[in-house]
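Both of the next two complexes hold chain A, though its partner changes from chain B to chain C.
And then the complex of A and B:
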């Protein structure tokens, strides 16, 4: 297992390399550039040329890439074209926000989705249909819209929760908790629906196997059969699905961060894309890729913990 | 024990669920009670919102949009202050005057005892150095600072500006509205990169980098060296970036913020929610026809065709649909409030909605079946996409097909616009005195708003006459003559003026604005 993990981590190095090249090339191919962003409707050809020269953007793209890559080797991701702030500082501010939302959403999805899935697997067919409907609605509803609905209810109407902003937990822990409730819920509701559906399907499949009948025949309690055997055996697919969901959530956080005015990785990436701030965009793309790699590594480890057969591979 | 455990009865499950909800609600309420997160700002501090972060904290590299201006106003006091009624009042300079009859030399007397937030003294030389910094920065405001040929320190507190030509508006240009009068301190000028994450102005406040996260929120604290401490109303001034207008509205309602920029789409809701909607006419919205020589769409070379495009649109309906009560139909390249600077009330509504006349003009020009043109649009520049669709719909009724190319950002639009790939664009233009508008949109070498460098002999003659006019009392008539010729030429297809909108909570005072000073000065805010 450890060897497989190490192999995966080694393979991620060329992946990061490819992502960085793709980001550079795709950004170069999209219309617009930082000079036009800076100058806006006050742009003149002479001013554009002057800014491009100052920023080194008049050089061929491979020269710019090489310059960025040599900086990266020394741990320097460059500076924002606009604020001159080091990219590492910008990302260090935004990464905790995105990670908090993702981890929070995964926790809530698991805590809500698994019990619902387990319970419905032991009940009537109609409860399964209810779970299916919940799953469909949860998956289909756009995070942007769901976020606005939750804001309308819990912030605008009831006034229970703040409608926007990130609070530093070091400064105000209570404020931080309140600030993440709505964005985490926005991301977790579809997640819980998916987890519930997958758990139910997995449980139904496992509960119909022969070894469950054997366990019942040996007199094990229903509770022990459900939690120690059936649930454990059906969680492998749930974990894999959660891994994929985390990847999907990276896009979701971009929208949710916009709705709740939080400057996470997604928001930073959107602003950098609109401004053609290549150093920040490159940094954000790298961080996103690392999050994906780590998410899949966690999936592998968790699956191995649940299934001893996988540990020997 | 889970409430969903197999074998548990229904009677035992429901109360536990209720208990769980109760516990959760109590926790939320408890956290809310001990948190300061959702509370209305205290009188010692204020939080406001802008829809986008400033491009830079260096006035020389910033754009003079409403959002940027708000942030700059806090840290950088301008040489001349633009009061909310549009009059020029003392800022870092206490007096100013032209020193020659040709309006090409301008002197400013600086306030004594002023210090920047870095502790350095304001002198004539620091002003000269700051202006030089603006000239070399090649930022968005370079087009304004390039009106200054040379800046000289006459003595310790007197600055002389030599202008490239007779310029009756240099005083206005040195206000906070155009940023070039926002003077940067010597340390900032010496190290411009430092102005990405800090400020160095002589304004009421200075940025606190420790309490600031770029693109998220900017925290300002009082400048300990400000010359009039009694004018500072807050111990902390926080500017948050909230891009989504609906989120900004929720933040206002909840008391998270006290002020934010508005939008036509949310103004009615804001009013209904008990917020104050501060509004003033500020911009004219238009199709800017660039292809006046017909390089892309040959039909546009004919003045009758351009006039037909103006007659073909129903301005009243378009303005009502797009701006509601916050717009006024019009067809001049200016707005009410600029009567001395190029808005001619007697010539407004020159092109009354008349599709039949539009068809006649098209036929007379040799295009009885209409023609096709391509215009660019972006939603973030004067609600450009909606405006383009509305205009295109009316044009279609007279046989003219407008292909609309949409872009995500202004920067993305400006590339093909300057690259002469578009016959025009939709957008808004913050009303300017005619002198400034000539430099941006009418002169042959105007640049952005005349990318094909079109020249009309009569217009050039009128512009030259205005430039040569040194009797300021005669200038309004000269500007009006230019406006009438611009309307006749049909270089633009304006639909009318739209308001700048700002929302504030009722207890916030000092939010004042006018067509010339259409961005409220945040240093005047108080509870």
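And then the complex of A and C:
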């Protein structure tokens, strides 16, 4: 298990470099932009040069990268060009929102998707077709559209839930819980559908293996065979799928945060994109990458815990 | 200098594959075609200008004039959808073009040439896989403001390594096939081989990937427009239309719907086409994996299973031995379309070992599985009776079987490694069975499991108990399975080819173990094997099966000194020892077992029998008593010579 984790972390280091260099090289292509953003389009060349000097943008790109890296080591990601706030402060406020949505969506998908998948694996083919249809549509509804539909139903029409906004759980826990229901649901509905589908397929595959007949021949109860043996052997692939789901959800949270007016990492990144606020965007890129790395590390560890072949020799 | 000889070309498909003819797939194709044609021919299809405001017409519901209603500026929604499709579909096309061009080229070269290039492709894919695409796309958009094309090209670039790795795998598989090496030998240039022979073979799985990627690309494209990062107002685009509608959702619920639904339909269509193509490939795989029932060729409706006259009146009327622990009478097994086993009858005394012999496909394993009610799906017992200690099992419920399996009748099978759950330790698996059949505490069950492992002569039981199945050798795994089988203290053990997968020395050890367990515990054993040597070594009596029928039944000495059925004789003569060593199935009995559903009317063995006469082929042959306890299904039993085989006792010493 430790080895799997180490391997994953070793793979992650080049990934972090690739992402940060990529964003740097790309942003380095247009050194005039931040100055224009600050000064407006009809700024004098002298003023632009002055701004570039204060921002360090007059230096070669690798020098800028080096500055950024050394800053990173000291926990400093620079300042927002737009608001002059430290990037770390901005992101520290938005990270919990994004993580809440992602973790919430994973929990709901698992809690709903796995039981449905298990139940349907023991039933007729038609329940499988229903799940296939659900996951097909769930996968195809863009989160921004699904979010709107849910808001329309639960907030505008029924009035059960707030239509948007993030409530700080420290201030109003109940309000926080209500505020995240719709965004989490928006992300979790397709999630639950694909988890159910994977669980069903995995269960059917495992239930057709030889050892299941052997377990029956030992007189074990159907309940033990399904829940203890078949489910356990199907979970590995579900966990892998959840990893991919989390990576895919980075686009999802970005859209959902915008729909529900939450200042998460994604919507911060979108605003930064609009404002050409490159330090914020670079910081968000770093955080997103770390989220992916952590998600994959959790997937690796969980898979190793589930599959003895991965942790023993 | 190219040598010309005919190269087998990939087989052409006959017409359109079935998965593509499914109604949903056709609908999906039509939707996409419609959207594309509409986008191209937009001015011809709608009289409205998608960007001209008609404020008087704002917020209208669908009507004869505006089929899908209007937006906040009175612009026709249908016109905006038709024109908006241009941005979205061009965006998807851009992403797909980059994805396909780069991914396919890099993948096919990596797969065919390999080497450093392959390693680089794989490494890049590893990194790209974990790269948050959205953030890269946002960075691109921060630089090239509102440049949808730049964003979509970048998305294609980010996806391409994934496709490359996929294509590489597919290419390697095709490359390994003989006709590719033939093409190389024939002097075709690499480029020609790639384009003419490899590309057509991997095309269909690649299209699956492309279809799924197109769905993702559309999600991205509309998402970016929704976020206001792509197409700028007033230009129409699907994503922007949803975001527009969202702004007025409190006032006009309808406005958001048309564009949202079109996006969903388009993505669903891409995915459906991908799924259909995938099923197309899946069909072939699953066709070979379907249960026995479906694989057996049908011979029309299954008429009567029990053929009158196939059992002599004496055999049918023979009383059930009161001491028998297991008694199978007149058991018939079949699918809906064909019989698999007919009229099997035998019984087993406590401590007895009965061997069931025959080639594969004769119904041995089905008979064994029928006893504990574990026939594969599609196969069932059609008539007859299975009595275990006087209780009828035929027709028993799962619950009733649950009370017998493991504790009354246990089973071990051919592939020891595949019979254990890979996720649990050996100890856990034994403890589970012990606790199922007793009221022992966890600790007591654990102790009991160790003593069982010791009983099957595994050195270091505690160490073995901690191991997982993949850490066991074949012989150890079979001992563990025997220990598990003993955990419920059964009276009968069914061993289906217990040694076939094992080395010869291990085989002998396992048979020796089974023998001593019989004497120690009074365990009755049904030993299923294709190998007379194994039967001779262990059994008290033998039951020979051929093409679904019991053809001979006798005490072991009798059958070896004087077989009364030509099939038994032929099996013995075919040198089982050598067959066992090479694991081939009796190479020297000429001909093969007639498949289920194609049995002849008369003697099933007639086609391969050296003593067959016309009488043999005319009518079903009955199982008749020819000597004390010696039954045969042959009308010329005296023609069968005695085999030149060593007697059972010498075999067991050898």
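The rule we apply is simple: the second predicted complex is superposed on the first by the 278 of 313 C-alpha atoms of A that agree within 3 Å, B and C clash if a C-alpha of one lies under 4 Å from a C-alpha of the other, contacts with A are read in each partner's own complex, and residues count from 1 in each chain.
Criterion: a contact is a pair of C-beta atoms (placed from the backbone, for glycine too) under 8 Å apart; a residue touches a chain by one contact, two chains touch by 3 or more.
Bear in mind that the values here come from a model prediction, so they are computed numbers and not experimental data.
A.B. asks: Identify the partner contact of A:111: answer first if only chain B is touched, second if only chain C is, both if each is, neither if none is.
C.D. replies: neither
A.B. asks: Contacts for A:305 in the overlay, against chain B (first) and chain C (second): which applies, first, second, both or neither?
C.D. replies: Touch partners of A:305: none, neither chain B nor chain C.
A.B. asks: Of the partners chain B and chain C, which touch A:259 in the superposed model: first, second, both, neither?
C.D. replies: In the superposition, A:259 contacts both chain B and chain C.
A.B. asks: Given the touch rule stated above, what does A:292 touch, chain B (first), chain C (second), both, or neither?
C.D. replies: Touch status of A:292: second partner only.
A.B. asks: For A:148, select first, second, both or neither according to whether it touches chain B, chain C, the two together, or no partner.
C.D. replies: Touch partners of A:148: chain B and chain C.
A.B. asks: Just chain B (first), just chain C (second), both, or neither: which does A:209 touch?
C.D. replies: Touch status of A:209: second partner only.
A.B. asks: Pick one for A:103: touches chain B only (first), chain C only (second), both, or neither.
C.D. replies: The answer is neither, since A:103 touches no partner chain.
A.B. asks: Look at A:269 in the shared chain and tell me whether it touches chain B only, chain C only, both, or neither; answer first, second, both or neither.
C.D. replies: second
A.B. asks: Where does A:156 make contact in the superposed view: on chain B (first), on chain C (second), on both, or on neither?
C.D. replies: both
A.B. asks: State which residues of chain A lie in both footprints, the one left by chain B and the one left by chain C.
C.D. replies: Residues 33, 148, 151-152, 156, 222, 258-259, 274, 276, which sit in both footprints.
A.B. asks: Quick one: which bits of chain A touch chain B in the complex? Just the residue numbers, please.
C.D. replies: Touch list, chain A to chain B: 31-34, 36-45, 47-48, 50-51, 54, 79-80, 82-85, 90, 93, 115-116, 118-119, 122, 148, 151-152, 155-156, 159-167, 172, 174-179, 181, 222-223, 226, 258-263, 267-268, 271, 274-276.
A.B. asks: Which bits of chain B are touching chain A when the two form their complex?
C.D. replies: Of all residues in chain B, those touching chain A are 2-7, 28-29, 31-32, 34-38, 53, 55-57, 61, 63, 138-143, 193, 195-197, 213-217, 240-244, 246-248, 250-251, 253-254, 256, 381, 407-412, 414-416, 418, 427, 440, 447-449.
A.B. asks: Quick one: which bits of chain A touch chain C in the complex? Just the residue numbers, please.
C.D. replies: Going by the criterion above, the answer is residues 11-12, 14-15, 18-19, 22-23, 26-27, 29-30, 33, 136-137, 139-145, 148-149, 151-152, 156, 208-211, 213-222, 224, 228-229, 232-233, 247, 250-251, 254-255, 258-259, 266, 269-270, 272-274, 276-278, 281, 284-285, 288-289, 291-293, 296, 306-309, 312-313.
A.B. asks: Touching residues of chain C toward chain A in the complex: what are they?
C.D. replies: 126-127, 130-136, 138-143, 145, 215, 219-220, 222-223, 226-229, 239, 242-243, 245-246, 249-250, 253, 256, 260, 263-264, 267-268, 271-272, 275, 289, 372, 374, 398, 402-407, 410-411, 413, 415, 418-425, 432-433, 436-437, 468, 470-471, 481, 484-485, 487-488
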